[in-house]
Amino acid sequence: MRLIIDTDTGIDDAQALLMAFNCPDVEVVAITTCHGNVDVEQINLNVLRVLKTVDRFDVPVFGGCKASLVGDRKTSAHYHGLDGLGDAPDAHAPPADLIHGEHAVHALVRMANENPGEYTLVCLAPLTNIALAMRLDPGFSKNLKGCYIMGGNYEGKGNITSCAEFNFHTDPEAADVVLREMTCEVTVVGWELCLKAAFSWDWYEKFISQESPSANFMRRIEGSTIDNYYSNDAKLKEGVTKYTTADQLAMAVCLCSSLVENKFECLASVSLSDGITRGQMIPDARGRAMMHAKPEQRCVVVTNIKQAL
Amino acid sequence: MRLIIDTDTGIDDAQALLMAFNCPDVEVVAITTCHGNVDVEQINLNVLRVLKTVDRFDVPVFGGCKASLVGDRKTSAHYHGLDGLGDAPDAHAPPADLIHGEHAVHALVRMANENPGEYTLVCLAPLTNIALAMRLDPGFSKNLKGCYIMGGNYEGKGNITSCAEFNFHTDPEAADVVLREMTCEVTVVGWELCLKAAFSWDWYEKFISQESPSANFMRRIEGSTIDNYYSNDAKLKEGVTKYTTADQLAMAVCLCSSLVENKFECLASVSLSDGITRGQMIPDARGRAMMHAKPEQRCVVVTNIKQAL
Amino acid sequence: MRLIIDTDTGIDDAQALLMAFNCPDVEVVAITTCHGNVDVEQINLNVLRVLKTVDRFDVPVFGGCKASLVGDRKTSAHYHGLDGLGDAPDAHAPPADLIHGEHAVHALVRMANENPGEYTLVCLAPLTNIALAMRLDPGFSKNLKGCYIMGGNYEGKGNITSCAEFNFHTDPEAADVVLREMTCEVTVVGWELCLKAAFSWDWYEKFISQESPSANFMRRIEGSTIDNYYSNDAKLKEGVTKYTTADQLAMAVCLCSSLVENKFECLASVSLSDGITRGQMIPDARGRAMMHAKPEQRCVVVTNIKQAL
Amino acid sequence: MRLIIDTDTGIDDAQALLMAFNCPDVEVVAITTCHGNVDVEQINLNVLRVLKTVDRFDVPVFGGCKASLVGDRKTSAHYHGLDGLGDAPDAHAPPADLIHGEHAVHALVRMANENPGEYTLVCLAPLTNIALAMRLDPGFSKNLKGCYIMGGNYEGKGNITSCAEFNFHTDPEAADVVLREMTCEVTVVGWELCLKAAFSWDWYEKFISQESPSANFMRRIEGSTIDNYYSNDAKLKEGVTKYTTADQLAMAVCLCSSLVENKFECLASVSLSDGITRGQMIPDARGRAMMHAKPEQRCVVVTNIKQAL
């Protein structure tokens, strides 16, 4: 399996990247970056720190879009720390000039054209780069083997607003373009699945206490987030009884499709109105349009994974 | 239990009304009508036919609003038949002049003021009358004992559009006013619960085959709908493997609160945008506003009922 | 000419009311109040102060709606003072119990039914009461002789937002119902006309310096607004080179139709979206729908008045 | 003056291109194409026919975007004919392979980077290419000398809907990005100016009767449009008493800035809601934000040109 990973490397992206690098039979062909958790310049640096952790500077990193399709970029820097990686800086972090000169959108279009049907795209960020690649090259998505998306929802449950998940809310127009127009197989890991598939804190303690470069890195960057958000606030801790993953879950579904226990097909789009539902994913699984939809118009939405994870 | 029932009598309203009339210890104080399934004039006639079935012309019927708050009334006449009751006319139907002269909105305000804390309101139609009563008398809802609403949804699943349930979609602005401003206890029976609590066709066959004036009436008015929508279309029948109730379910929850197995509290509002989500109910159960909400600002949403029904 | 005036008495409403009372051959039949510049309770008191000024307590005042059709009432208390009349209180102001017990909406419906074709309605406030009267009695507007509205715009120029005028923005849904459904002749005095028909400050000085109970009252209530907004801020004064009237202008057009120099007919509606245009009036003067519209569906929009005013 | 022209060559674009080619001291550096009046493939062919008319195949043509930022492309093929140029085909039309291989968006970014501050961009089409160039290269607009846009409106008057002009309505999101984010001087020629600056039919008769390759070409492609829309329909002709230009007017303002008689500065954006105002330009000339806006955030909107044209 040959992956191109589009990311706005926060903490969960970092872990998802490490999962991919540590998985046998998986080749990470390239990493593209997109605005999201923090500025794209910081995200570029964050990706390089992940590469350093696994000593894989051979994988090219392409810097991508700095703003959503229609602007008004929001960041969630408060959650993943000001630098998106828990504000646990590395004095010997790799420098920005390791980022390739080619723009992420161009690189995506070029790679897909060079090896049609070869690459699986894993999207862990707002979908700005992907939508632009589709606009610049209408044949882009046809050249992909498949696409896994962390983002959206299928029961209207949001995390950044009542109705919307962060990645989709940050660029609803891009998400809408990708869901409606992509012609390769698209698999969506939405926010409700993240909630359902959350881990116990006991499990997390064991997981994060392993000894390996990757686990050490995660422990380092995730420490203050866990402290800030859960440990110190009794009431919040009570409410957040689980360790919820997002990008990791999408990566797991990509790397190991047998994890999927339930899923459904639908025509998906995104609410683009200015009102409260802006950014909500709309999965039409039953309407007349869906009945007559061609396979390449449909998305697969995962609704349950095996507990064995 | 003393009920005021607001209805746009279609077939499911008719059955819900019959349930109330046949329930011991329940007094139906008044019936108010609202545009919805068909024109309010036809709905008035339909209510009278239900009263005739149970011989209860002593219950006053007040005619209500002919259009939603902002106009653009949609009807679903295609589903419940052109007359809303399966196009199975009664040659001896009661005449329209049995409807009271007082407008439904005035009657609602007057009755609630005459006996504060006494009446439970059961809403089986678009919420136009109720929202107007609240606008004309800001103290209206405080005077109610409680309010049960058939309408809306809590996972974004619609029946009239991808995102919206019929009653809420027909008057989203009214539904929004009611959910956000009502201060008595509000219990919502939304579309997802209707889907979950659907009956098998076997059960339905037994149910509809009883011998009683009410069952005879239902068999008569529901016959062609069942035929038109399910029996004659193999593919559709395959999809619709259950007999789904709506107004009946809300009435059941009102009449027998012990049926409720699961529910949650939330701040609820309705998407009023012009886009695809128009009419969708937005249940905010986790946000900061909810955490600080007063009890009278919250709604109860039922998510499961006991299978014993 | 027999007028019913619906008002949210701020300063410009007060002046418009005085114009009507001082105009020969005009009978003010009733005044209805609506939320808007300030709370409806304060507005009721403000109207009574105007009645006191002209000693006309014989004119009945009916209190109306406290919130817009869909809620979220905004007030402009900052502009007309905290009490809507320049914070220049009258120690001997008439008490609230002079307001009639009947609700404004009921009174509107009743009066129009009692004397069909007799009354001209002048709307100087958000249109909540009027829209509700139309919903409760679909024949309401047919019973009016005509209707003059201060509100909206025809070139998208707003005063409370970029796109919307205050009265329409405060209750866009009500404005939409009134413009689309009213069947008597409707004349709109929008914000662009107010800007065009503004007076020089020199004119205003002469006008406000007259000696009469009405002028004395106006001088008293408008003093601080003029000071606060124009006199003390050189930059703002530079920009606001004119004395702009709003409700006065609508009243003038009603009282003296020969003032109108230019106007056009259109199908009018109001933008109800959540975005930047919310509350903007949309005058369709050229589309296919307009070509085929019946006279009673059209509105008249005034675009120029004679300078002689 | 060195121009890059972005066009969806319909008839008015064709004439605007001819104006540029026939103007001394003007160099047309490149032409980029965008979906709009018809498919971009057809537009490419149409541009080549214009180049043939003036024998200027030396000017490179770059094919651009096939759909608006968020999809849902509308075409106005009915107005400019099925082929966008009046359905008056040329048996010896130049073939598509004269179009360059580089994508318009790449070409725009590349050229602006190669000669910063050198090129003036004239936009006669939906703004998809331009918005994408700005997303891919945030410094793109800073590298331009200036930008002239045919599109939008400043009094809410539309031609394709009540509120929206065709170019902006076809890609509202792109227009919003360009107006809000472009940092070079932007001059907007909106629909109200087109209406104001329309020519008499007498003038048009003289104009179109000239003898030159360009006039011959225009006569040929515009003939059937004039016939279809005006000559044959007495009622319509009555309404359309003028020959209205659009792209030609924007080109004229660009080529000859002394034509401008009135203009104003504003912060401009575009209504992106799903409602009736979608695509309307919102010129904020008076709000607080405008008062504090930096020069590079502002747009210039032309409101009058000299009659001498």
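General remarks:
For reference, chains read A, B, C and D in written order, and residue numbers begin at 1 within each chain.
Basically, contacts are C-beta pairs under 8 Å (C-beta built on N, C-alpha and C of every residue); 3 or more make two chains touch, one makes a residue touch a chain.
It should be emphasised that the depicted structure is a prediction, and the values quoted were computed from it without experimental measurement.
Counting steps between touching chains, the shortest path from chain B to chain C takes 1. Put simply, the chain farthest from chain C by mean CA position is A.
When the C-beta pairs in contact are tallied for B-D and for A-D, the bigger tally goes to A-D.
Mostly identical positions are employed by chain C and chain D in their mutual contact, as over half of the interface residue numbers are shared between these two copies. Work out the mean CA point of chain B and of chain D, and you get 53 Å between them. For this pair, chain A with chain D, the centres built from the Cα atoms lie 39 Å apart. Annotation for chain C: residues 272-276 touch two or more other chains.
Arrangement of the chains shown, judged by which pairs touch: all-to-all, with no pair of chains left without contact. Residue ranges on chain B touching chain C, taken from their complex, read 65-67, 69-71, 103, 105-106, 128, 131-132, 135-138, 173, 176-177, 180-181, 272-274. Chain D meets chain C in the complex at residues 154-157, 162-163, 239, 269, 271-277, 280, 282-284, 286-287. Looking at the complex, you find that chain C touches chain A at residues 273-276.
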